[in-house]
Amino acid sequence: MEDTVAVKSPAWRESRAASERVRIRSGIRFSALLVYGAGLVIFFIVLCALFPGQIAPYSPTLMNVDAIIQSPSLAHPFGTDYYGRDVFSVVVHGTRDSLLIGIASVLVGGLIGAAIGAIAGFLGGVIDTIIMGLIEVMMTIPGILFALAVAAAMGPSLFNIVLAVALSAVPGYARVFRSQIISIKGRPFIAAARSVGAGRVRIFARHVLPNAWAPLLVMATIGLGTSILVGSGLSFLGLGVIKEIPDWGTLLSQGRGYLTVAWWMSTFPGLAITLLVLSVNLLGDKLRDRLDPKKNRI
Amino acid sequence: MSNKRKIVRSLPVLALIFAIALAGCAQKPSSGESSAAGGASPAAAVSSASPSAESGNTPQGGELSYALATSPDQLDPHRSGYAVAVRVIRTIHDSLVAQAPDGSIHPWLATEWEASPDGKSYTFKLRQDVKFHDGTPFNAEAVKYNYDRILNPETKAANSQSLIYPYESAEVLDEYTVKLNLKTPSSAFLGNLSQALVSIVSPTAAEKYGDQLTKNPVGSGPFKFVSWEENSQIVVERNPDYNWGPDSLVDNTGAPYLDKIAFKIVPEEATRIGSVQSGQILAGETVPPQNIASLANDAKLQIFKSNTQGLPFTLFINQKREPWGDTKLRQALQAAIDVGSIVKTLYLGTYDQAWSPLTPGTLGYDASLENANKFDQNKANALFDELGWLKGDDGIRAKDGKKLTLRYVDGSPNREKRNDIAAIVQQQLKQVGIAVEVEITQDFRTVIFEQGNYDIYGNSQVNSDPEALRNFYHSGAKSIAASQNLPGYANAEVDALLDAGLVEQDPAKREDIYKQIQQIIIRDAVIIPIYVFPYTVAASKTVEALKFDSLAYPLFNDVYLGK
Amino acid sequence: MLRTAGLRLLTSLLVIFGSLVLVFSIVYVLPGDPIRSIVDPTTVSEETLASLRAELGLDRPFYARFADYIGSMLRGDFGKSLLNDEPVLPKILKHLPATLALTAASSLFAAMVGIWLGVLSAIHRDRWIDSAARVIGLFGISMPTFWSGILLILIFSITLGWFPAMGSDGWKTLVLPAIGLGIVGAGYVVRLVRNSMLEVINEQFVLTLRAKGVSERLVMYRHALRNALIPALTMIGVLSGELLAGTVVIETVFARQGIGRIISDALMAKDIPVVQGVIFFSAVMYVLINLLVDLSYRVIDPRVRRLQ
């Protein structure tokens, strides 16, 4: 690590004060541009989810035996797939389910996980031990295996995939949130609050929680993409949902065998996922910075 | 450190650029060199080596690495049920008889045989010079031991049980003469004996290893088993004593030219084909249709292709579920599905369309069915209307307030793009007003065989005799929980014909019987045949003289590694 | 200290027991008769099925089967595979090393690349290096492993010919799968390290250190990174489980031996003894890794030590 620093030096030597200034002046150019771009992408993605029929030039189920596996052109900007469907239209129509899988499983998993983690971390003691024991039992069965077992047990459907992904994410959220809370509990300002006589609930609500959820937000923004990818992984393992209009993860998995002959089939759905994950994360970070109570102090 | 950092930092970006550039290149049609293999069948008799000469000018030695698409379940022939296992089992074990691609039966471990006049027993004269890999001599006792072993419940025999039907007992007449007694006469019996799943294992080894014979298979075949590393590879080595290869199938009846074959297990098709392209391995099976054309144009590679026999991939329409018991309705369905465009779309001209319940190479195949039943949407619509199924506002047909729906069940994973067939059928039927509900499930066995909860289910079976039809179309077809007769078909005429076909000894009459069966099944729209599966192998051009038996299983006796 | 360690060990054992109960229950509710995976229902008679079922004890109640299992497990007998009668314990022990090697290599890749990019990103907050590092990290997270795996094969095996596309013999076969799997982990670590660093940089003690004139380098690496590593460590603990799960996909893509493939095959084929055996081992491994992570908290963060 030490020599990493040495290499880093030019930008490094600036004083911190100077770098603060840089951040405010020139830095904003890079990050602000990214954030605006991210906002635009998300806006468009949401549009696609809401009004796919108005955006897509073709029906996503229109198969054409005379137009299979065509490379991108003016008529088909993303090319056509092995059914002769317009890949752009399929991707646009697939937005809704992709978002649904991502958002629903993050919400469900994140809320349950955070609640469990918060209770365990704040109360501590026996309750912590028991809850974390149960969480650890769940953790010993890694996420995708859990999803695999659920999908295998309950059959592949959109709801089951969401449930499987959400449940498999719960332990992760719980653990991270708990460790964050424990870390905050040890800080001086909590001790200070305690010393002035603040009650447990008050300390928890006013001091611990607001300081603890940043990593959770980061996890959630990442989780959005991960959920779509777990769905994709299930599809790879043969446990995916087959729908008339596939989500991006399924498209990616289905097109992988054509990577050498028709890269566009899986690359464009892949890019869609990447853009979504990228944008959500950039916005998430921005949001985190805005809401960070400590930041205002500087 | 600094270098490493640079690489790491730029890796994902580089990867993407490479991938896109690469894909662009790969996609360009490479012209010329089309004479090379061109997706055609393996050249006949490539090897110039004379059958007996082991020296000759055929290059000796070398190891062939051969990638399989899935892992064999068992290497104990009597307990396996997977086609992929047969590819390995065939190298280690021999059968009593061999079936040539034209369906004729030839000597292998048996030199000659005779059926009793009533057709209820066969007497085999055996080769006297055969030894199993563990030194155990092959004789009449060994044959009896093997077939009795299949019947023994403790063996937990799988497909071999139905292949050996109606075998009842064996009598050892002398050391090299054995008489097999059947419960009923069967014209399919002799042909079935050629199949690898009822090949002969060493009795000594079977006794010694018991249920672990699967990990220590011992036969009398051209290759000896060396090792099986699960999910990695199975290695077999040359049997130097081998001298009893079936001359009806291979040129080299002596010991094989190769020192070793390493069967690598590579499930992901991109990896399997990529390993052959990169030269890491010499051959890989089951080439995806989209790769066949580009690989055939690769100067370093060749494609071997051989059609499988038996039942083609067929959609069975479940007559037990309403409203599909109505023959006319099924005929409308038959006319509404454009099989030609399905096969063309998904298999890009590399698979043949199927027209009959049997594949073209199977005994009694009726070629007159080809192109007989064509896709005709207008006819389909007219038939549906005539039957009172009329289109509603939502575009779905209904009758007496009941919507016309169809439940299409298929297994997962997506083998041979079968799930994609379901997706296309769904769209095609939507056009004539049928709402298709597609269920792709890992657990199709429960859904299909226990619950019978399907209107359409597709399946195929590799088999050597048209008697294979019995399990699918005879009303008395037995199974465990539910009907194995997938279409739920009960037609006394077909039943009688199947029973007659089993015992008929005159091949010409037998053919005629099976032709009638095929005609009736198609006329009654019991099924919708889709495609004939070709077994394909992508191999380096250095791999010479790979041959296939009548069921499209590879034979390595003649294979040698050229330059 | 000794008491805490003892307690920790006890809970670890409980956790392993709990995961066995969980797996046993999950397998129990899986639909489909496991017998179906052993024999083809189309060819075998009812009697054979019934006798097979009895032999395997499938007709007995849940608790009896579980008690039996625990009993024989304690004697080192994990049962036999339903598919090919192979004893489960040797089977797992044979495949474990390959998976461990892959998990370790990819964890290392993830930790090194991730921490380095994360620190870089935090130090150069809001500059282009930061943006680039974050985007690279996000790329890792937003690609499914099977896809990046196939890309790696396309580039480094087929086109460049540097590394083999498949197999599990020798270090060369480890490189591509480790990267394929590690990319995802690295993506997570980058994010977490960056954010924790930024948090810590804003803490009072860092301001104090700066005010005292401690060199910026020292502030960053001695104090900020050290504090930022706690969430990152938790993450790596969590990740080790995910990486283990990631082997399910990556081992299939690269045709490697390993318990990832064993368990996915077993799950799909309902090969119950194998599923249970593998889960037991991955539970043990998981518990061990996290025990280490927990202990390392104490080393890194004195506050945690004080708390307990």
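Each chain gets a letter, A, B and C, in the order it is written, and its residues are counted from 1.
Here, a residue touches a chain if its C-beta (ideal position, glycine included) is under 8 Å from a C-beta of that chain, and two chains touch if they have at least 3 such contacts.
Bear in mind the structure is a predicted one, so any value in this text is a computation, not a measurement.
Distance from the centre of subunit C peaks at B, each centre being the average of the chain's Cα atoms. Chain pairs B-C and A-C differ in how many C-beta pairs they share in contact, with the greater number at A-C.
Chain geometry summary: the mean Cα position of subunit A and that of subunit B are 44 Å apart. Inter-chain spacing, taken between the CA centroids of subunit B and subunit C, is 38 Å. Centre-to-centre spacing of subunit A and subunit C amounts to 19 Å, using the average Cα coordinate of each chain.
Counting partner chains per residue, subunit B shows two or more touched chains at residues 5, 19, 22, 270, 442-443. Multi-chain contact residues, meaning those touching two or more other chains, occur in subunit A at positions 4, 152, 155, 237-238, 256, 259-260. Across the assembly, subunit C contributes 31, 116, 139, 146, 150-151, 154, 252, 268 as residues in contact with two or more other chains. Partner subunit B is touched in their complex by these residues of subunit A: 3-4, 7, 61, 63, 65, 68-69, 71, 82-84, 152, 155-156, 237-240, 242, 244, 256-263, 267. For subunit C in complex with subunit A, the residues that touch the partner chain are 11, 14-16, 18-19, 21-23, 26, 29-31, 116, 119-120, 123-131, 134-135, 138-139, 141-147, 150-151, 154, 187-188, 191-192, 195-196, 199, 202-204, 210, 216-217, 220-221, 225, 230-231, 234-235, 238, 241-242, 244-246, 248-249, 252, 263-264, 267-268, 279, 282-283, 286-287, 290, 301, 303-304, 306-307. Residue ranges on subunit C touching subunit B, taken from their complex, read 31-33, 36, 38-49, 51-52, 83-86, 91, 94-95, 113, 116-117, 132-133, 136, 139-140, 146, 148, 150-155, 157-159, 161, 164-168, 179, 183, 251-258, 261-262, 265, 268. Subunit B makes touch with subunit C in their complex at residues 5, 8-9, 11-13, 15-16, 18-19, 22, 67, 71, 73-74, 81, 153, 156, 158-159, 161-162, 211-212, 214-215, 229-232, 264-268, 270-272, 274-275, 277-281, 442-443, 445-446, 449-450, 471, 479-481, 484.
Put simply, subunit B touches subunit A in their complex at residues 1-2, 5, 19-20, 22-24, 26-27, 269-270, 288, 290-291, 294, 341, 344-346, 348, 412-414, 419-420, 422-424, 426-427, 430, 438, 440-443.
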